[in-house]
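Please go over the structures that come below.
Next, two complexes with chain A in common: one pairs it with chain B, the other with chain C.
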Partner chain A sequence: MVKFIIRRLLGMIPVLFVISVLLFTLVQSVPGDAFTGDLNPKIDKKYIDEMREKFGLNKSPVEQYFIWLKNFAQGEFGISFKNKLPVSDLIVDRIGNTVFLAVTTLIITYLLAIPIGIYSANRPYTLSDNTITTFSFIGLSLPTFFGALLAIYIFSINLEWFPSSGTVTAGAGYTGIQYLLDRLHHVLLPAVTLAILSVASYTRYIRSSVLDVKQQDYVRTAYAKGLPRKKVMRKHVLRNALMPLITFFGLDLGGLFAGAVLTETVFTWPGLGRLIFESTVNRDYPVMMTCYMLIAISILIGNLIADILYAKADPRVRYD
Partner chain B sequence: MKKKWLIGSIALVMILSLFLAACGGKKDDAEKDGDGASDGKPVDGGKLTVAETAAFVGKFNPIHWEDETDKDVVYNVYDELWTEDKNMNYVPRLAEKWEIASDGKAMTIYLRKDAKWHDGKPVTADDLIFTYEQIASPEYTGVRFSSVDIIKGAKQKHDKKADKISGISKVDDHTVKLEFEKRLADPLAKVFRVPMPKHIFEKIDPKNMANHEATRSKVVGNGPFKVKEAKPNEYVILEKNKDYYRKGKPHLDQVVFKVISQDVAVGALKKGEVDIYPKIPGRDFDKLKKDKKLVTGEEQDLAYNYLGLDHNSPKFKDKRVRQALVYATDRQGIIKAVSKGHGYLINQHITKLSWAYNPKLENAYPYDPNKAKQLLTEAGYKDTNGDGFVEDPQGKPFSIQLHYPSDSANSAKTVPIIKENWKKAGIKADIPQPREWKTFLELLDQGKLETFLMAWGLDPDPDPTEVWRSNAEFNKLHYKNPESDKLIAEQAVEMDKNKRKEILAKWTEVINEDVPQIFLNGRTIMGAWHKKVKGVDWDYRAVVGTLADWWVTDAK
Partner chain C sequence: MEHKLLEIKGLKTQFIGDKKIIPAVDGVDLTIHRSETLALVGESGCGKSITSLSIMGLIPENGKISAGEIIFNGEDLTKKSEKELERIRGNDVSMIFQEPMTSLNPVLTIGEQLTEGLIIHDKLSKQEANARVIEMLKLVGFARAEEILSEYPHQLSGGMRQRVMIAMAMATNPKLLIADEPTTALDVTIQAQILELMKELKEQFQTSILLITHDLGIVADMADRVVVMYAGQVVEEAEVESLYENPAHPYTEGLMKSIPSLEKEQKRLYSIQGYVPAPDEFPIGCRFAPRCEKAMEICHEKAPNIYSLGNGHHVRCFLYKELEEIVEQ
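For the complex of A and B:
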């Protein structure tokens, strides 16, 4: 297993190299740069060109790529054109928020989706199953943006249960447990909004997976040898039916760093999603490249973790 | 340095403050209209929460800020040497007086002696000189050099040919003399006017100044408020500067700028999560006006929308065609349909608020499709194949592409109306796919857009040099007119305000006759606040440098 992990990690290097070349080409081929439109009739064009020179934008793309690669490999992510802050500072500033929101969302998703999916699968094509199916489809087709606004309108503005924006109460200066509760109070609404979407799809997958496994021969055998229903469900059905969740978990883990642009925007939640969006709009190359690479790396690692978990969960899967 | 030119905003700020702000000049009923004069005696204390619909970048530094949101903080934490009031007259702040040499080539600035930095040190001539030297330094990474390069010797320093700006001399601790490269019509409008503290920044490498804590969080200004806490993506908290030199101000103990999504801001205002929402889009403003808990204000802003015509295109060579295009455009209809009535007609590149505004052009080019047809016929454009659209004088098909940036919902609504308007006058228009903001600007730079729907933010000073001179970098119209150039050059050195006004009036009339671009509509700036907020004299400045005059009735 250790060998396998090392092999996979080494294999990532050429993959990341290819990804970085592709990303850099894409990023460079978008029209305009950080200083396009950063023009003001009071500013001489000459000074803008001086800025390009200062930030190395006048060099050839190939040259720029190798400078970037050399710095990136050494952990130097550069300075944001727009913010004038080191990219690492910008990312560190936001990564906590993103992870906090994503993990809360994931927990809510699993807590809701697994019981609902199983419940649904155990009563296929009944009124309750059909109701769940209907709501799942509504949830799936609800645009995040709209769902977020609806949630704010109901729970924040009308019922006043949750704050509508931000990650902490402005200027409250909470510490310790109070701070944690304040953060939790702020994260719940966006997390539930995001979770509702994934609950909808997770429920569908779990339902069909459980239904599928229930029709397997070994389940019939288990019943035939006289095992009680509950035990069959727990030991034979669920263990196998929930296996595909590992794949989703791996994907979710990879997507973690991509953030959620729309939800973050509506809830004024400063996460990586908005950083990626803003840097792209501003053509802030150092931030763009670092964020995209971060996403690429986390997807590769997410996949690796999913593979490892498979080996642990499924005795048929062996990597050595 | 007042209003940031809108073309220079980043796309996000652009979406929020530039294109959605298109709006109208109607007066509300007097009772609800924001007019701070009748609010009674100010009360000290209390807290005000202001909604900001774009996040801060966090560069709270007079020579480094670039975004409108950062500006809201900078101009309440730092004071200017002088500032423009509601009617765009200069009012002294850090400078108690100034003298301009009769040849317009020099000025002397006398600083107040009682102004102090937030750490108690006095504001002196050295601070002001240091600020100019910083901006002219070759290491400076910001965008303000153009408001210093008018000083003699600044360019030499910028180009590393000198260590110091030769045109600056310190007369005494509170007096600075500036010499200019050339005669200036209005030096007050051109000179950089926000000093920064020398004793703080002289220790900082100019290359790191923009990300230093003295810019980001531990800001030492001299204005009515201090930065208490800055979390740029979520909020900035200001607190009262008790030692502010304008005695009795500010009234508020605390101001919280809260970043909030535009879609949520209306609800947050109604609920009382924020006390004031400046810069409201027209569609939301009408809803808020009906709310009895709120006071609303709508005044003319400095921005206007226009359809630019590229004069390199043979389609726009004939003046009569350009005039026909304006006559064929129902501009009042666009204001009604797109801006929900929040806007006003405009026919010149000078804001209606300015002393230089030419009232004679108020009603130029009313909507008249028949007049448009007549002008086209005169120019030889006739419908020869009977498809309802005119062909050019050579009988070839004639159609105009209407380009606009995709980030703007209002532009997307404006363009089809123009197309329909023009159809009535027999002019064919096509609407190509809109382009993303930076892509759009890149194409504009390359001269690949024959028309472009954009906006200008105007300066209080009416000088059109940088935009309208034939060889001006920002003359994206590629418009060349020797007569206009001559008038522009004359007004730039005319120190007599009345004479300058006459020259500018002539210039606006030349432009009006020649139609280099289609002026669409001027915008209004709309704000709404709770009744407890008093002293708000709503105008184009919104919250820039105005917070010191405001108070709340629930102060404890």
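For the complex of A and C:
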């Protein structure tokens, strides 16, 4: 197992290299750079040229790539063009918020989707199952930003149950448990909005997986042994039916750092998603590249974790 | 009365299809005596498996028993609650299935799967159940029974898995073992071993066996009596010798002729023309008539009754209408 993990980690290096080349090409092929949008007429053109020279933007793309690669490999992520702050500081500032939002979303998703999916699978094609299916499809087809705006409109503006933006009440100076509750109060609306969308697809998936496993011969064997229905469900059906969720979990782990670009933007949630959005709008190359690489790495790690969990959960899967 | 272990009377099991009722089992009568092996024979789709699942109370969700009685050990199983059936399943009536490759849960150890029935039915502790299971595994031919307990199904071959299934079924010392095509998915050499094992265990435990098969070759070797099913009905019932010497129903005859023989030189293997009709397309007259070489006019118009050839040999065919008629329950 240890050998397997080491092999997989080493295998990531060439993958990341290829990804970085692709990303760099994509980032560079957008016309203009961080200074193109500076329309302030008072700024001397000479100053802008100096800045371009200073940040190495006048060099050839290939040269720029290798300079970036050399720095990145040494853990030098550069300075944001926009904020003049080290990229690592910007990310450290934001990552906590993003993880907090993502983990809350994940917990809400699992808490809702697993029971709903199982409930649905146990009553296939009944009124309640069809209702759930209908709502799942509505959830699946609703764009994130629309769901987010709708949630703000209903729950923040009309009902005033939840704040529409931010991570804490500004200037309230809460401490201890009150601070935690305040943060939860802020995270709930964006988290539930995000969760509703993934609950829809998870529910569909769990439903079909449970239905499929219920048809398996070994479930019939379990009934033939005289086990009560509940025990058959718990021991024989669910264990097998929920195993494929590990794949989803791995993908979710990978997506954790990607943040929810649109949702974070709509809810003015200061996380990585918004940082990605802002840096992309501003062509802030160092921030963009670092964030995108972070996403790539977390997706690879997420997949690795999923594979390791599979080996733990399924005796047929063995790595040597 | 005492020596009847299972008596099925007029069993009808139906499935609800798309607004159609599909009569998969349509008025089956059969009896299994204590420590007897009864073979239930017929082509795929004739209702053998649904008959056995009806006994177990394990019919798929869109099906139900609509008429008839299943009297096991003096009690009607069709009137039992789910809770009561759970106490009988795997305890008094056990079942082994056709596909040993998929009949065991891939993520649980063999030990876990073998002991759970014992723990529920016989209220054994984990250790007692393990000891009993090791004993059973040795009995079905595992030399290294202790090691098998912690192994998973994918580490065993098909034949070994079927042995595990047999050990599982016999561990609670059931009165009736239902074996649904237990050797169909196995190699011929393994088939013989598994059948031999079932015979030995039957002797040792005095268990009755309901052997479901389409292979008349193994019936002669295993069974005391034979019931031939066609299109949801019993068409012939006889002692095994009587059936082989004198197959009365043209369908049984056809099945017999379909067995490849080494003695007779055959250019082509005999086969019964056509297919078993789907349960919603049964003909009005005799259900076998459209495929029958001996069909008469009456066969296409009226459904035949059951006639007795004596000595417990019954047949549902107009060829024997001169003989004594058996009244169906």
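FYI, the second predicted complex is superposed on the first by the 319 of 320 C-alpha atoms of A that agree within 3 Å, B and C clash if a C-alpha of one lies under 4 Å from a C-alpha of the other, contacts with A are read in each partner's own complex, and residues count from 1 in each chain.
The definition used in the following text is that a contact is a pair of C-beta atoms (placed from the backbone, for glycine too) under 8 Å apart; a residue touches a chain by one contact, two chains touch by 3 or more.
Predicted model only: the values in this text are computed from it and were never measured.
Asks: I'd like to know which partner A:105 touches here: chain B for first, chain C for second, both or neither.
Replies: A:105: touches no partner chain.
Asks: Looking at the overlay, does A:120 come into contact with chain B only (first), chain C only (second), both, or neither?
Replies: Neither partner.
Asks: Per the contact definition in the header, classify A:136: touching chain B only (first), chain C only (second), both, or neither.
Replies: Neither chain B nor chain C is touched by A:136.
Asks: Return first, second, both or neither, reflecting whether A:228 touches chain B, chain C, both chains, or no partner chain.
Replies: second
Asks: So, does A:218 touch the first partner chain B, the second partner chain C, both, or neither?
Replies: second
Asks: Quick check for you: in the superposed arrangement, does A:268 touch first (chain B), second (chain C), both or neither?
Replies: After superposing on A, A:268 lies in contact with chain B but is clear of chain C.
Asks: Does chain C touch more residues of chain A than chain B does, or is it the other way round?
Replies: Looking at chain A, the partner in contact with more of its residues is B.
Asks: Would you check which partner chain A:236 touches, where first means chain B only, second means chain C only, and both and neither mean what they say?
Replies: So A:236 only meets chain C here.
Asks: Let me test your reading of the model: by the given contact rule, A:313 touches which partner, first (chain B), second (chain C), both or neither?
Replies: second
Asks: For the complex, give me every residue of chain C touching chain A.
Replies: Chain C residues touching chain A: 56, 58, 82-83, 86-91, 94-95, 97, 99, 102-109, 113, 116-117, 120-121, 152, 154, 165, 168.
Asks: Sort out for me which residues of chain B touch chain A in the complex.
Replies: Those residues of chain B that touch chain A are 1, 4-5, 7-8, 10-12, 49, 55, 57-59, 64, 66, 141, 143, 145-147, 149, 210-211, 228-229, 231, 233-235, 237, 254, 256, 258-261, 263-264, 267-268, 270-271, 273, 437-439, 441-443, 445, 466-467, 472-474.
Asks: Considering only the defined contacts, which chain A positions touch chain C in the complex?
Replies: Those residues of chain A that touch chain C are 216-218, 220-229, 235-236, 239-240, 243, 313-316.
Asks: So in the complex, the part of chain A that touches chain B is made up of which residues?
Replies: Residues in contact with chain B: 30-32, 36-45, 47, 51, 54, 79, 82-86, 93-94, 149, 152-153, 156-157, 160, 163-168, 170-171, 265-268, 270, 278, 281-283.
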